[in-house]
Each structure stands twice: as C-alpha cells, then as structure tokens.
Amino acid sequence: MKYLLLIMSAIVAIVSFSSVTIAEEKEPELAELMAEYQLRPHHRKLKFECVMCHEGDDPEEYEPLETENCLTCHGSRQKVADRLKFMDENHTNPHNSFHDGLDLDCYECHAEHEEPANLCQECHTTDNWMNEVP
Amino acid sequence: MKYLLLIMSAIVAIVSFSSVTIAEEKEPELAELMAEYQLRPHHRKLKFECVMCHEGDDPEEYEPLETENCLTCHGSRQKVADRLKFMDENHTNPHNSFHDGLDLDCYECHAEHEEPANLCQECHTTDNWMNEVP
Amino acid sequence: MNKKVFIFVLIVIGGLLGMGSSLIISEVVHVTGNAEFCGSCHSMEPMAKTFKLDTHGGNNRHGFVAECADCHLPHDSVLGYMIDKTAHGINDVFVETFTDVDEIDWIARRENRDEFVYSSGCLSCHQGLLDKTEAENPKSLQTHAHYKKQLEKGDPIQCVSCHVTVGHAGQLRTELNKLKPEFSFSDSTESH
Amino acid sequence: MNKKVFIFVLIVIGGLLGMGSSLIISEVVHVTGNAEFCGSCHSMEPMAKTFKLDTHGGNNRHGFVAECADCHLPHDSVLGYMIDKTAHGINDVFVETFTDVDEIDWIARRENRDEFVYSSGCLSCHQGLLDKTEAENPKSLQTHAHYKKQLEKGDPIQCVSCHVTVGHAGQLRTELNKLKPEFSFSDSTESH
C-alpha cells in the first residue's frame, strides 16, 4: 500500500511537472506568435486570442480565414454593406461596389496580420471618397 | 348659390337620415343575433363581436368554425394540449387523449353557441378525472 | 441661530434624509422584484419554476429576462407602482409568515388572473405592439385592434384576458397540480 | 411646543417633502428617457430616426421598444443611474441651448461608443445572455465566453466593443452623413 502510494505520487509529480513545463514553454511561444501575428486595432481592442478566429490547438496548422469565417461575427455581406449605405449613392461602397457588388471577399482588402491593402486604389485615387482600410 | 346650398343640405339630410335608419335597423338585428348566438363565458368576457371569429358582413352567410380557425388564436394543437399536461400521466388529457392524440377537432366538445358536450362522457364517467367542458 | 434659518436647515436635513431613503427604497424595490427573490418563498416556487420555462423568463434567443414585477405590478405611474409594491410587500410577508400558504387554492385563483397581471406592465415593454400594421399571425392585428377599441369605449379588456398562459409557459396549472391534484383519477372504469 | 418635538416634526416634514420630490423626480426621469423625448432635440434627430429602424426601437415581432436611457445610462445602481442622468441632463440642456450643436462631429465620436453605451444597461434586459448554452449562431457562445473571461480577469471589454451598430440598425453613420458628408466625392476619375 505504501509503495503503491509512493508510485502514484511519483506519477502525479512527473505528470504535473511535465505539464507545467509544457505550459511554460507554450506561454512564451504563444506570446511570440501573437507579437508576430498582430491584430488590426479594432480587433486588438477586443483582446482576442488566436482561437477566436482560428480553429485547433496547434498554431502551425492555422489556416487563413475565408470570408464565411469573418461573417460568423460580422453577420452577412448585406449587413456589412448596409453599414456604408451612404456610399452607395456615388457607387463607392467598397462592400457593395460598382464592380463586384456584394461579391468581394474580405481578404481582398482586410489583411488581419499585415498592413491592409486598398483594392480600389489599384486603379482609382480614392482620397475623396473613401477612408483608409481599417 | 342659395338654391345650391339648399339642395345640398337636403341631400345631406336625406343621406344622414337613411344611414341613421339603417344603423338603427342594423343595431337591434345584431343585438338580436348576438342574443341568439351567445358566446361561452370565457369568450363573452372578452367582449367579442361576431366578426372576431366569422368572416364577412352578412350574418346569414356565417359558417361554423373549423379547428384551424380556433387555432389562429389558440396557437396549435400541441400548445392547447400542453396546457393540460398534468392530465397526460393518466391518459385523460382531452387535447391529447388515449384515443385520438392531438387529432380531435375542437367542435367535438366545444360548441360555442350552445351547451358544450363532453365526448369522453359518451363512454366514461369523467367525474374523477375531468372538469366540465368550458 | 436665527429661528427661520434653524427651521430651514432642519427641513433641508429632513429633505436630504427623505431623498436618501428614497434612493435606498428604490434599490430595495429593484432587488425584490425578480424571480430569484420572489421564488425564494416556498409558495412562489411553482410560479418561479414555470416562469423560467417561458419566453419572458429567459427561454428565448436573446437571453432576455423580465422580472416578476414587470408584469405583476401596475406601470401607470411611479406612485401607483410604489403603493402597490408596498401593499404587496406587507401582504406577502404577513401571509407567508403567519398563515398556512399551502391552503391557498392557486388553481382557482387563476380565474382572477386579470387582477394579478397589469396591461400597463405588458405595454411598458411592448410599447409598439398595438400600433403594428403587420404580424406573423394577422389574427393578432384584429384582436389587438379589438383591445384598443374596448379601451377607447371605456370598457377595457386586459392583455391576460386572452394571453391566459403568458409568463408561465402554459405550465403553471400542471405545476400546481403536482402539489395539489385537481383530480383523484380514482375511478376510470367504463360506465356503459 | 417642546423643542425636541418641534425639531422632530420639522425633520419629518422635510423627509416627506424629500420623498415626495423623489417621486416626482422619478416620474420626470421616466418620461425624459425615451426616443420621443430625446429625439425632440434637433441634434438627436439622426439618433432617434435610426433607433426606430432598429430591433431595439420597435422593429421586431413583439412590438418591444427600449428607451434611450436603457442603453445610454449605467444600470449598476440607482444612485449611479441618477448621478449620470443628472449630469447628462445638465450637460445636454446647456450644450443644446448655448453652443452650436451642428459643430459636433458625431461621426468621429462613434469611435468612443464604449463610453456612451453601458454593458450594465444591455445586461439588465439580456440577463440570461451570458449563461446561454445554445445559440442560433454558436460563435456568439464563444465571444460571450470571452466577454466573461475578460470581466473576470479585471480587463473588461464592453458589449458595444463588438456590437458596434446595435441600437441604430447600422444606419447611424449613413444618417449622419446626410447632414455632414464624410467625403466630397469631387474627383473619382481614374488615376492610372
């Protein structure tokens, strides 16, 4: 009985030690990753961790998001477009544009982990009809 | 101008008189009908007029109600049955009965304009497991 | 001190005490109006339990929860609300403490539901309901027009006159039957 | 009259006056918190108009209508609510009367929405929202769990931090643009 207890304690100790080690190793790794893959200000403000958008435990396997993933929070293409309805009149609503209507994917402009790019600016000077991409 | 006014007044007088007559004629007729076709107490309390259940302007053409008409207010057969759920245990819920389940039409028991009949009592003594039909 | 100043100061002190206690009273009113509080008394358990099954008790997409007092106190004026709240408070504490609440025939009392549920309460949340011009169930437009007409005629009906099972998911009678069965079910043999 | 009795009577009179005026104050607070009242000021017209398009403003099956103060005042305590209500009242009357409200850059102010909408207000209606275990959109369970976690960590986010368009049907910016356009649209020729 005594030996059994001793063995069990040893097992418990080893298991807890190794999990502590993993946690300790993982923490700085996560912090490092989050420093590398920063969020845009409007999302950073919300204090999101990676798993708010990416699925799974292993950051190595995180995939870039599809528009449909964005819409789980943002509702629908129509809802996003409606927020900029005042731009419709001049056909400059980027979410309901002259060229693409509602069919533009989010990542065409909104890169979360790097500086966003303004697709419209590929051909247009947008100073008078558009803000910077948030 | 004077004549015109006179004529118009005459027309107005005649029209108002005849509509008063119609209203006066209609009122007692309606009251008579409502006295003949009384409502059950729980509906009388709600001060319903005929058109709350029957469609159209002519009482001569009023049809008896179908179960579906009752359910426009009462929701669904399931909802009506759920209100008497405590009777399920002994299989005596008249709205979800041993014999008919949810498939009993309202008018089998609930006659609105005459004394209601208890279908169960055709074969059973219901004193110990059912109230009077409201 | 001048006597007038003295009187003034005393009235101001009293006034501040009065306003301070009003604040405390309104906190108390606030805290003692929900199902958590009301349901903590033995006699209100069936009501609280069935409330939680209802749309109004949180059984909805929005996590919306009404409070008992939202329906069971009048909402015409703050004064009326406070008078009723006080009367109910005194009555309920007295009845719960000094009488046998198990004797209360709640099932029979349901007949008088018109007196325990206030349309002014319903309408202080559902402010726009009577002015709706379209509805999933068009019948509701007709019945709500009837409500308005009766109100204008000075011969009102109440919301709960029709919505007889509202607030308790249509399960209050069933829940009350668990404590005090309406029927004995002692003889269900066929008679003829 | 005995002096002590005199003092007592005066304080009681003051107390009654104080409680009476509290009643009147709470009626006033009640009446001055809805879109009808708030929207009657020129500067609040876009807010009131877009509110009416929103679920919270009556655009829903239930004819439910919230009041401006339900979201735009804190609901932690009656005292806090009253203090904020008073401060807003004084500020708004002053600003509306003595300054040029057309100068206010409402579009820019939307950045600080966290300061104008109180989660305690949201949660005093949506009491059960954070405890839901199923949802039409399962993502909401994850994000609401995040809200709770941040709250427990003492590093809270606000409901409107995510629900940026709530209460005004996502149309406030568009409505404000009618009064003061963000863009001139003066040159939309292609550049290269």
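Every chain is named by a letter (A, B, C and D) in the order it is written, and numbering of its residues begins at 1.
Here, contacts are C-beta pairs under 8 Å (C-beta built on N, C-alpha and C of every residue); 3 or more make two chains touch, one makes a residue touch a chain.
Because the structure is predicted, anything quoted here is derived from the model rather than measured.
Engineer: As a test of understanding: of all chains, whose mean C-alpha position lies farthest from that of chain D?
Structural biologist: B
Engineer: Which integer distance in Å separates the CA centroid of chain A from that of chain D?
Structural biologist: 30
Engineer: Rounded to a whole Å, what is the gap between the Cα centroids of chain A and chain B?
Structural biologist: So the centroids are 59 Å from each other.
Engineer: Pick one for the touching-chains graph, please: line, ring, star, complete, other.
Structural biologist: Drawn as a graph, the chains make an open path, so a line.
Engineer: Spell out the residues on chain B that touch chain C in their complex, using ranges where they run on.
Structural biologist: 45-48, 52, 72-73, 79, 82-87, 90, 92, 123-125, 127-131
Engineer: For a test of understanding, state which residues of chain D touch chain C in their complex under the given definition.
Structural biologist: For chain D paired with chain C, touching residues are 7, 10-23, 26-27, 30, 58, 61-65, 77-79, 82, 125-132, 135-136.
Engineer: Where on chain C does chain B make contact in their complex?
Structural biologist: Touching chain B from chain C are residues 137, 139, 142-143, 146, 150, 155, 157, 161-162, 165, 170-171, 173-174, 177-178, 181-192.
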